[in-house]
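Next come two complexes, and both contain subunit A; in the first it sits with subunit B, in the second with subunit C.
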Partner chain A sequence: MSRYFYYLVILNMLANVVALVPRILIEERVNGVVTSLMIAIIITLIYCLVYTNSMLKFPGQGQPEIIKKYTPKWFASGYLFFIGILYFLGTWFVLLSFIDITKRFINPEMPALYISVLFLSIICLGALMKTEKTLYALEIIMIISLPLITGIFLKAFLNEHISWDAIRIVFTHTIEPPSNTSIGAGAYSLVGFYFISIYNRVLKNRVEGMGVWRIVLIGIAGTINIFTSLLVPIGMNGIDGAENYIYPWFSTADALRMEFGFIERVLYIFLLLYIGISMISATITCHIAMEHVRSVLPEIKWKEVKIVPVMMAILFSLATILGYFFLSQVQVYELAKMFFSLLLFAGAFSCAVLFYAVRRSKQK
Partner chain B sequence: MFSFKKSEVERVKPVLEKQFKATEDAQFRTLSLENDQEIELVYIQTVIDNANIHEQFFKPFFEINDVTRYESYLKSLPNFKEFKDEQDTVKEMLHGSVVIFIKDQVYIVGFIHQENSQVLDASVETTILGPQKALSENIYTNLNLIRHRYHKKSLRVEKAPDIGSKSNIQVCILYDEKEAEPKIVDQVKKRLDQANRPIVQSAGELHRALTNRKRRMFPTLLVTERPDRIAYNLSQGKVIIMIEGIPFVLIGPTVFYDFMSSMEDFYQPYWVSKFLIILRYVGLFISLFLPSAYVGIISYNPEVLRIQLAFSIAGSRMPVPYPSYLEVLFMLIMMEMLVEASIRLPKTIGPTATTVGGLILGQAATDAGLVSNIMIIIVAAVAISNFIIPINEMSFAMRVMKYLLLLITTLSGLIGLVLGTVGLIYYLVYLDSFGKPYLKLFTSRQKQHI
Partner chain C sequence: MKNLCRLSGLFVFVMVLLTGCGFKDIDKRAFVVGIGIDKTEQNQEGYEVTLKVAFPSSGSEELGDQFELLSSKGSTIAEAIQLIKAKVSNELDFGHMKVIVLGEKVLSKDIGKTMDWFTRRRDIQQIALITIGKPDAKTILSIEPKGERLPSNKLFMFFDEAGTESPYVTTKFLYNLRRDLEERGIDGYLPIVQAEKDNFSITTMSVFKQGVDPLHLTKKETKLFNMLKKGYDKESIKVNAKDEFFMLAVDSLNTEYQIKQKQNQKISIEVIVDISGVIEESKVELKEGKLDKYNKLAEKVLTKDINKLLAKFQETKMDPVGFGLRYRATRSGTENEKWKAWKSLYPEAGINVRVNADITGTGIIE
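Presenting the complex of A and B:
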């Protein structure tokens, strides 16, 4: 596989382990969350195997082209539009939480509208770039932030104040019925492989299919990632204290201290790195969403400029700003839970559709 | 056939007479032998090699004493050119050719003389251990220099159409046929055809004419004066654009890293050159981010720094009566003035300006309580690290970029700095240089796929 595929998978893992996902998991921490995570990882890896291998059967093509070619027109339009909306929703959740995080942790006095416009202008301009260019930007940001973020994760694990007993309590509740929301949230951090739906257009893969050992590698990385996301806040804040925070990870990072350096509070490094990561993550999901939706809309040109993506960017920005002002944090949180659970079924559906497309392509 | 040839002189002569009769330095010389055989030479005295024209054209004519044999003598001259049409003849004359009418035929012999063909010392991109000579202002001398560094039969030199409707500057493109991608070579030629500007005087100006983007921030073609860099880039499959009368060439397509590399990197041991490259990137980051980070931290989030450092900065800023962004802006602008002044000033006055400026900026400004001591250190660091960027154009672009980041940080704090950085990365990634991505990590020539 091309290295960019792994960047995409890792990006999605990183981007989703700090904002909404850990809070959902921590809420379920004594309700069989370990079992839920195991189920989530296994389900997602199966999806990954089916989906990625099906996409790799069509080198150089994106999901819109494949679906349009092998399914009836009414279905293709509806399906692609629906998938596009799902990606927009994913971007929407990331943005809403990061606008809120910025306001809470960095600039409490700054108007939320200003922060939103700032975020959205960068993201929309980025999402309007060519597909391969977003990958180059992704690589640069990943190379800068990945080592630092890994360092912070390690620092958290090696911290002398982390309570391993609190972490053990989580594991004593392993054999309990899993819940739908925690499976959905756990699975969401692993769904980066879906990004291949558009990026397959530009990824030049050297291999025919996705071998089992690659899946296992992704699975191991995902397991470490999601358990870090769940356990470190619990270890730092205690099994009861962990649920007091809306953004458990940022509060955890604020408990870490760097003894030697200009910056003492790890929180700021962590925050600024995560703003970068969430920016590129939002850019990429927004780009995928746009590519899906525009594939079913007619192409309109105005003075040589393709106007449909621009209109989409403006509409999406409006939706984000309205969402921030009209929805409370609690409502966003509840919506996110539903969204994550919905994605589990949407994932099964889109694997099935793609599998059908592969069958059709072989028949022809 | 005969009738066509016969008309050559008749067609050309009136045109030349009309164009050049009124010009003082245009010469129309008629030479004749005893047997009434006549030839006519037309040339512009000031662009040809005036000292040798007698030796090369007049003397042989009388020595040979026969027009037909003189014709074959002319054909044997190294810069003999075939006659094409009237317009071409006029152009050739302007570029230093001698036009000769013999019987009914027109001959053109290049006899150019340029005053500026001496090879200059490298002054813009200096190295310690590398070659010390740069290019000259003469295109043929430069070709000679490059050929002597790059002995390969696949090296192609092609003449591009003259640039500038008024200046009519001669332009050549050079590439290694085996290494360069034909697609890129075609694109360069196409862009050169489309470039229209009345006057082109420098490589930078041609660069502006070649990019289809009107307002550009970053250089997408490399301007260099070093023959060794040219030879290296030829071997990398790049296309070189040479311009008459300028000791610089343009190299394309270029990527961001080309602007951060010095030829010195190849002349030093491996780890030393890696160290130098890292140093350069650190310099780039300091010059870009330090002023904005100062404003963001001091005015928005002082709690980011460890408490002792925050206090010492606050203590140093005690006498300063205005917000940090004014302090930064004030010092940066003074520093830029100093830099600009030392470029424009005559060499004899230059040191005075920098001494006076340095004194004022360094000591008096802090004593007067206009800026803090720490600000002086920051400005000095920014100024020095900006000059670490080896290619001048990139260093200038980053100089401007710094102010954009400062603006967005002043308006929105550290979050603005991060967003500005992401925006800058997006912009650099979005750029193209002759169809090649401008900023992309791990570019290797063998593996062109993503």
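Presenting the complex of A and C:
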């Protein structure tokens, strides 16, 4: 398997910290969250196996080409448009949270509009790049951030002030009915493999099949990651105290201390790393969304420049800015919960559609 | 030509972004290094807030006395800070505030309300150190110890274990205190800094919870508590029997506790302390061959002391060790049920302390 595929999977695991996932899980911490996470991991791994292997049957092709070729036209346009909107929504949530985090933790005096424009211009310009180039940007950011973020995770677990009793309380609620929202939120951290729907175009000849061992490896990494993002905030802020934080991981990073590090407050290092992670995550999901939507829209040229993607970027930017100003954090949070649950069903549907396409291709 | 156009476009875009005035120069800021909260005399609700502000300066000479104390009264902390802002021309910067001193009187009753301001503000470090000031916070902040490199530096060094490591000092960070206040099953505790002439001394601590008067521990109890809670192993224990007297210097120490429930619904708290060390000081002659006897002696003395301390906590319904949290962590059921059960079980719980002492030698002489 190409290393780029792993980057995409790991990227989404790391980005879940920004995308409100820890908060949703913490809210459900005494309602069978452990069971929910186990179910979420198993479901997503099955999706991953089916989806990735089906995509790999079509080397060098993205999901739009495959769907258009093997399904009726009305279905293909509707389906691709819908998937594109889902990716746009994913980007939207990450961006809304990160704009809010920037305003809260980095510079409260900077107007939110400036922050939004700054982030959006980077993301939209990034998303308009060629598919291959976004992968190179991803690699650079992963190489810089991944070791440091792993270090921070480790540092948190080795902290002498972490309350292991609080973490044990979470496990006393294992045998309790799981909830839909926590399954959805847990599954979100593992959905990085869906990115292959577009990136399959450039991963040509670099990718072999997706074996059981690779799935197990991804499963282990995902389990460690999702439990870290649930348990460390609980250990640092207490089983009863963890629920009041709006961004649990950023408050947790502030509670970590690197006495002899470059900066004593881990928060600032963490923020810096997560600017990178959330920007590249938003860029990549936005790129995938654009590729999906433009495949169903007619190509319009204006002075030799294809303007459909540009129009989409502008529309998306507007939606983000409006979303930030017209929706409260509580509403965004509730929407995110619904979105994550929806993704579970959308995942099953996607796998089914792709599976159908594989069968059709064999018949021909 | 096209590239030039793009480049200039980028340039203009960046320039537009730089118009904000969010960042202020360093010489226009006043760095708060410590904050003290006291209760006002007349007004029951109000606070007197004292800020210790350090002046940035070049050079690396001793700057311990380069500070200014600003204080103001207000009905809330935020209001008092607003009034202090009116007294300084520089922008107050709380980003470097590393120590929070609470006056002794603030501690009573509604400590949670007082701490709210600190946990809500984003610019206050969650890793700020918290302590109680005696007689009050303002006095502690106004002390200028000799040889201080930066204002309040000595106070930081006491707590963050980079400097001295004393068995009497309990380290408590802001996030840690908030956790203890919110958590059901563990109560908060803070070290008490006593003001002396040109210096501090930290030998005691205080245990508290919301709505109850705090419980002050003595020196001996403080040491014992730190041993139990932190597993603090750089200390000496006084073993005092009829005709034997020696100090045991601890090399390693390990404390474990379990909450056991018998059939008759009563619970017992089992505390096991493993301790090993060498004899540091003795007033009578010691024999290498009699180590077993010394072990027994040390075990007896420690068991008695720990039992006494835990009984004191139980009597006052305080639980700074976190037995209640351990109970919650090892039982199933909803959290409210567990907590209710624990509250009725704790006052009647039996306490079993077992100390395993292992004295490895009598030092380099017999």
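One rule holds for everything that comes next: the second predicted complex is superposed on the first by the 356 of 364 C-alpha atoms of A that agree within 3 Å, B and C clash if a C-alpha of one lies under 4 Å from a C-alpha of the other, contacts with A are read in each partner's own complex, and residues count from 1 in each chain.
One rule holds for everything that comes next: a residue touches a chain if its C-beta (ideal position, glycine included) is under 8 Å from a C-beta of that chain, and two chains touch if they have at least 3 such contacts.
Just so we're clear, the structure is a prediction, and the values are computed from it rather than from any experiment.
In the superposed pair of complexes, A:163 makes contact with subunit C only, with no contact to subunit B. Once chain A of one complex is fitted onto chain A of the other, the partner contacts of A:107 extend to both subunit B and subunit C. In the superposed model, A:118 makes contact with both subunit B and subunit C. In the superposed model, A:261 lies in contact with subunit B only, and not with subunit C. Touch criterion not met for A:219: it reaches neither subunit B nor subunit C.
Contacts of A:143 after superposition: subunit B is touched, whereas subunit C is not reached. When the two structures are aligned on the shared chain, A:241 is found in touch with subunit C, with no touch to subunit B. After overlaying the two complexes on the shared chain, residue contacts for A:172 are found with subunit C alone; subunit B is out of touch. Overlaid on A, the two complexes show subunit B and subunit C touching the same residues of subunit A, namely 107, 110, 114, 118, 264-265. Contacts from subunit A toward subunit B in the complex involve residues 2, 4, 102, 106-107, 110, 114-115, 118-119, 122, 125-126, 129, 132-137, 139-141, 143, 202-204, 261-265, 268, 272, 275-276, 279-280, 283. Touching subunit C in their complex are the following residues of subunit A: 30, 104-105, 107-111, 114, 117-118, 121, 161, 163, 165-166, 168-169, 172-173, 175, 236-241, 244, 251, 254-257, 259, 264-265. Those residues of subunit B whose C-beta lies close enough to touch subunit A in the complex are 300-301, 303-307, 309, 412-416, 418-419, 421-423, 425-426, 429-430, 437, 439-442, 449-450. Within the complex formed with subunit A, the subunit C residues making contact are 13, 17, 20-23, 122, 125-127, 160, 162, 173, 175-176, 178-185, 322, 325-326, 328-332, 334-335.
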